[in-house]
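Chain lettering (A, B, C and D) follows the sequence in which the chains are written, and residue indices restart at 1 in each chain.
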Amino acid sequence: MIYQGKQKIWADYQKEIPDDHWFYVRSCIRQNFFPASEVTMLKIFREMLGKDMYETPHHTTCGGIAYHNECIPQETQMAIIARQFALMTEAGYENYTCSCITSFGLYCETIETWHEMPEVLERTRENLWKACRREFNIPKYLAHTSDLVFKFRKEIGALAKYRLVNKDTGEPLRVVEHIGCHYAKMFPSKGVGGAEYPYVLVGMAEEWGGNVIDYPERRHCCGFGFRQYLVRANRGYSVSNTHKKFESMEPFHPDFIVTNCPGCPYFLDRWQYVIAEQTGKTYGGNGQGIPVLTYEEMAGLVLGLDPWDIGMQVHQIAVEPLLDKIGIEYDESKKYEGTGGKPLPEPEFPAAIRCC
Amino acid sequence: MIDFGYSLSKSNALKIENLDDSRFKALHKLEPDAYKCIGCGSCTASCSAGVFTELSLRKTLLSLQRGEGKGYIDQLQSCMLCGKCMLVCPRGINTRHLILSICKIYSVEQ
Amino acid sequence: MAKDNVVVIGGGPCGIEVSRNLRDMGYTPILLEQQSELGGHLRQWDRLFPEGVDARKVLKELTSDLRGVKWFTDATIDSIKKSRKGYTVNVDSGMTFESKAVILTTGFKLFPAEKKEEYGYNIYERVITNADLEEYFRTRKDSRIQDPKTIGFVHCVGSRDEKACNRQCSKVCCATAVKQASEIKELFPEATVYCFYMDLRMFGRSYEDMYLNAQKKYGVRFIRGRVSEVSEDIDGKLFVKAEDTLLGKPMKMKMDLLVLMTGIIPGESTAQYSEMLGIERGEDGFFAPKDTILEPCRTKDAGLFIAGTCTGPKTLPETLSEARATAIQVHNFLSK
Amino acid sequence: MGKLYDRLARDIRIKEWLKACMNCGVCVSVCPAAEFYNYSPKNIVNIVQSQDDEQIEALLKSDTIWYCGECMSCMTRCPRKNAAGQIIMALRSLSIEMGYFAESEKGRQQLVLQRALCGNILNYGYCIYPRTFNYEDHPESGTIGKWLGNNLEEVHSRLGSNLEHDGPGVLRKIPKESLDELKSIFDVTGATARMEKVEEVSRRKAEEMGLDMDEYSKRAFTYAGKGHTHE
C-alpha cells in the first residue's frame, strides 16, 4: 500500500466544519444500544473543549429508518427533517450536527434535492406550515458528529491519557475503521476523505497512535440493510454480510474495530456472537471476539475516562483484552453496576465465545 | 443451542482464484475453438430445445470457462443436436461437436 | 519561390506529419513543441496495433527528414495575436513568428488513473496503467511486474464514465487492451489474462482478427463487466470485483497485476487555446470543428486549423491521414 | 408508455436517479443483496428502463424489489449516475400504493415493519425504542442484550441517559406536543394514508390466505421464503 496515494485523495476531500455553536440532534439506534456514546461526546465537547452544543427535548427521530423501510413516504420524511431544521432556526443556530449516519445521509440527500428541485422545497415548506405552523432555514453547515471529533482530534490528542499503542510491545494497535454507508457513498464530497478512502476515522485513529488496516472488504456494508435486519426472516442477509467482512479482515489480526455509524457497531458486535454460536468461529484469538468501538468510545478511552462510565459493558464482545493491551485501568467488579454502585445481576456468558 | 431462525447464506460470487479449470483445459484440447465464443447469444436465440427448457449454450460454455459445471451439463441433455446453433454462430464454432465434447469430458465424474 | 510561414503548434505525430507535407508543398512550417523532444505520446509506446509494428521505427521514419521544417522544442506559447495580416505567435523564449495560418495539433492527455479512486492506482502497488505497461514492454523494467500469474485488463478507465466527467468512448483502448493482453501473454505464457470490457469496440481493419487471436492463440479470457472496485489483500495481491454480466453473477478474484486502460481526454492546453483564440469546444472538452463531417479540420476562423487528437480520440493512422488532409486545406486557404 | 411507468416517472427519486443503464454490472458486483439473494439490481433498472408495464407490474408483485438493503453502494459507482437503490425505493412505494406488496412473501413484511416503526415514531418519537425491542424477537442481541433489557432503567441511569424523563438527553420523554406535531405531519404528507392502506390490504390478504392477523404477522416476520442462497 502506498500511503502517499491516499494522502493525495484526502487532500481532495476537505470539508468545512465550523468551530463552535452547533444544534445537536441524537440517533435512535445509538440511544438504544450505545447510550453512553452520546453522553461521552457531549461531555468531551462541552466540558473538555468548552464548545456550545445545543439540544432541545423537542427534537425527534428523523424518521430515516421508517423511510428506508418504506413505512413513510418521502414527503413525510422531508417534513420531519424540515421540522428539525425549524427547531434549529427557532433556537438561533445555523450549524447542524447529527449523531446518526442514516440521518446525515438523508439530510445531505434532502438538501441536495431541495437545491435541484426548488418546487419540492416549496412543497415541504407548505407541508410543515400546514402540519406544525413552523418555518425553517436550511442549515448553513451540516456535519456528522464524527466530523466534529475528527476536527478536534489534535485537541483531544493533547488531552489524552493513553495512546492506541500496545503497552508491552510499543507497537501501534491495528485498527479496522468502518464507515457507515450513508456517510459518503451517496454524496462522496460530503464526507471527510470522500467515499473510497474516508479519512474521518483514520485521522482520529492515527492521531491517537493507532495504525489503520486496509483489508479487501473494507468498503463493504455491515449488513444492516434496514428490513434485512429488522425482520427476522431476512437476517441471513445481515449476518452473512458481516461474516464476509470478518473473514476478510481476519488475516490482518485487528486489535479493534472503530465505527462512525450507530448501527454498525451493534451489528459487528452482535453478529460475532451469532457466528460463534452457529459455527463456533471466533475472530479475536483466545476464543474471543474483536472489540467493536464507537468513535466516541475510542475518544473516551484515550482521554482516560472510566470504561464503565462510557458504556463499554453494553458490548457483547468483551473489551477487556483491548483495555489490557493499551494499559487502561479498570475495576472489573464495577462492570455490571447500576447507579450509585448498586450491584446488578451479572449477564449470562455464552459458551461459544469468551466474553470475559 | 439458540434457534435464531436463520443462518449464514452461501455467497453467490464466483471466486476465480479457487477456480478449477482443469476440465475446461481438457475440453480446450479437444475443442480448440472453445475460447472463441463472443457471447453474442445467437445459439441460444436459435435453439430448438431452449424454447422449452433452460438450455443455453452461451451460458453453459461461459460457466464452464469460469470453472462451474453443475446443473449446466444436465441442461445439455435436452439438446437434440439439431445444429441450428452451428449455422448461426458468427465465429464458426462447430457447436454440435463442442456439445458432444462437453458431455464427454464433464460427465466423467458426475 | 519562397512560400509563406505556417505555424504548427504541437510536435506529436500529427504536427510532424502536417509540417512535412507543408514543407513538400513548398511552405516553411514552423513546428513548436513544448516538450524537449518531438514525438508526443508515440515516444512512450512500444508496439502499435493491429500488427505490432515497432513504435520507435514509426517515429524514426516520421522524424527522419525534417529538412525545411523549422522545428523548436521546449517552446511554450506565450500568446497568439490575430491581426488583419494573420497571426503573431510569441514563444516564451522570446521568438516571434508571423504566419497567415496556424494549425493546432496539440493532442491529448491520458486520463489520470488515480482519479478513478476505487481502482487504487498509486495506492495499491500492483495496479498499473496501459502507459506503464508500454514502458515496461520497452524497457522490461518495472518492479511491480514480477512474474504475474493472474493479470487483469480494465477497459474504459475514465472513459464512458460520467463520474469521471467523461461520457465519451476513447476509441483506441479496446484495441490497445487486446494488443497488450496478447503481448503480456507472450512474455508470461503461464499467466491467466482477463479483459474486463463493457463493449469490445474492434472497429478497424483486422482488429477483429486481433481479438480472435487473443482468444484462440493466447487464451485471453474476456469478461463482460466493469470492474467495480480494487483492494489489496494481506499477501499483496489485488482483490478485484466485477460482475460477469453474461452469467449475471458477481465475481471476486485475486490478481497479481491489474492494468488500467486509461482513455484519451483533452490535453491540458485545449482549454487555454480555446480561451486564447475563441475556438469552441464540445461538451467533451475537445475542440469543436466548424463542421464535423465536411470540415473537421477547420475552425470558424479561416486561418486557424485543428487536427489530430485535439478534436477527439483517433488512431495513429487516422491522425496521420488527417494531418495530410489538413496540409491540403491550409494550402487551399493560402492559395486563395 | 404504460400507466405504471408514468406513475413511477413522477417519483422524485426516478427523476433524479434513473438515467440510462448500459449494463456494465458495477452495481451487481458491490451489492450486498446480489451476493446472498438471487437478485440483480441491474435487472431491476433494466425493467424500469424498458417502460414495459407488464414487466413492471410483475416486479412490483415480486419478492425481488424487497431484497435491497438500501446501503446505496451502487450509487457511488454507477458510471451513468443511476442509483439502483433509489429506483428500488420508488418501486417499493408504488408497490405499496398499488397494494401489490401483499402478493409476495417479502412484501408482506411491510405490515410488521410499519406497525413497529410507525408505532414507535408516533408513540415515542423514536424509530427504535427499548420498550418495544423484545429479546424474544432479537435473540441476536445476545446475553448482553438480554441483560440490558432486564435492567433497563438501572443501566441507562448508570450511563447517563435520561430515559423517560423530561428535558434533553438520551431517550428523554419527547413532549406530547412534539408527538402531536409528528402525527400532524403524518396526516398532511400521506404517511397516515399509507399506514391505512397497508393495514387494509394486509387484512384482505390474510383473509385470502385463511390466516388471522397475528398468524399473518408472525409468518411475515419469520418465514424466509425463497431467494436466499442457502436454500
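Here is the rule we use: a contact is a pair of C-beta atoms (placed from the backbone, for glycine too) under 8 Å apart; a residue touches a chain by one contact, two chains touch by 3 or more.
Since we're looking at a predicted model, the values are computed, not measured.
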item	value
Where chain B and chain C overlap in contact partners, by chain label	A, D
Chain B-chain D separation of Cα centroids, rounded to whole Å	38
Computed distance of Cα centres, chain D from chain C, in Å	49
Separation of chain A from chain D, taking each centre as the mean of its C-alpha atoms, in whole Å	22
Residue numbers of chain B (touch at least two other chains)	2, 4-9, 11-13
Numbers and ranges of chain A residues touching at least 2 other chains	195-196, 219, 232-237, 239-240, 244, 274
Set of chain C residues in contact with two or more other chains	118, 224, 229, 244, 250-251
Contact graph of the chains (line, ring, star, complete, other)	complete
Contacting residues of chain C [partner chain B, same complex]	150, 194, 200, 212, 215-216, 219, 221-222, 224, 244, 246-247, 249-254
Chain A-facing residues of chain C, complex	114, 117-118, 120-125, 229, 231-234, 239
Interfacial residue positions of chain C with respect to chain D in the complex	118, 156, 160-164, 198, 224-229, 241-245, 248, 250-251
For the chain B and chain A complex, residues of the former touching the latter	1-2, 4-9, 11
Contacting residues of chain D [partner chain A, same complex]	11-13, 15-16, 30, 32-33, 35-37, 66-73, 75-76, 83, 89, 92-93, 96, 105-106, 109-110, 112-114, 116-118, 120-121, 125-130, 133, 137, 140-148, 150-151, 154-161, 166-175, 177-179, 181-182, 184-191, 194-195, 220-225, 228, 230
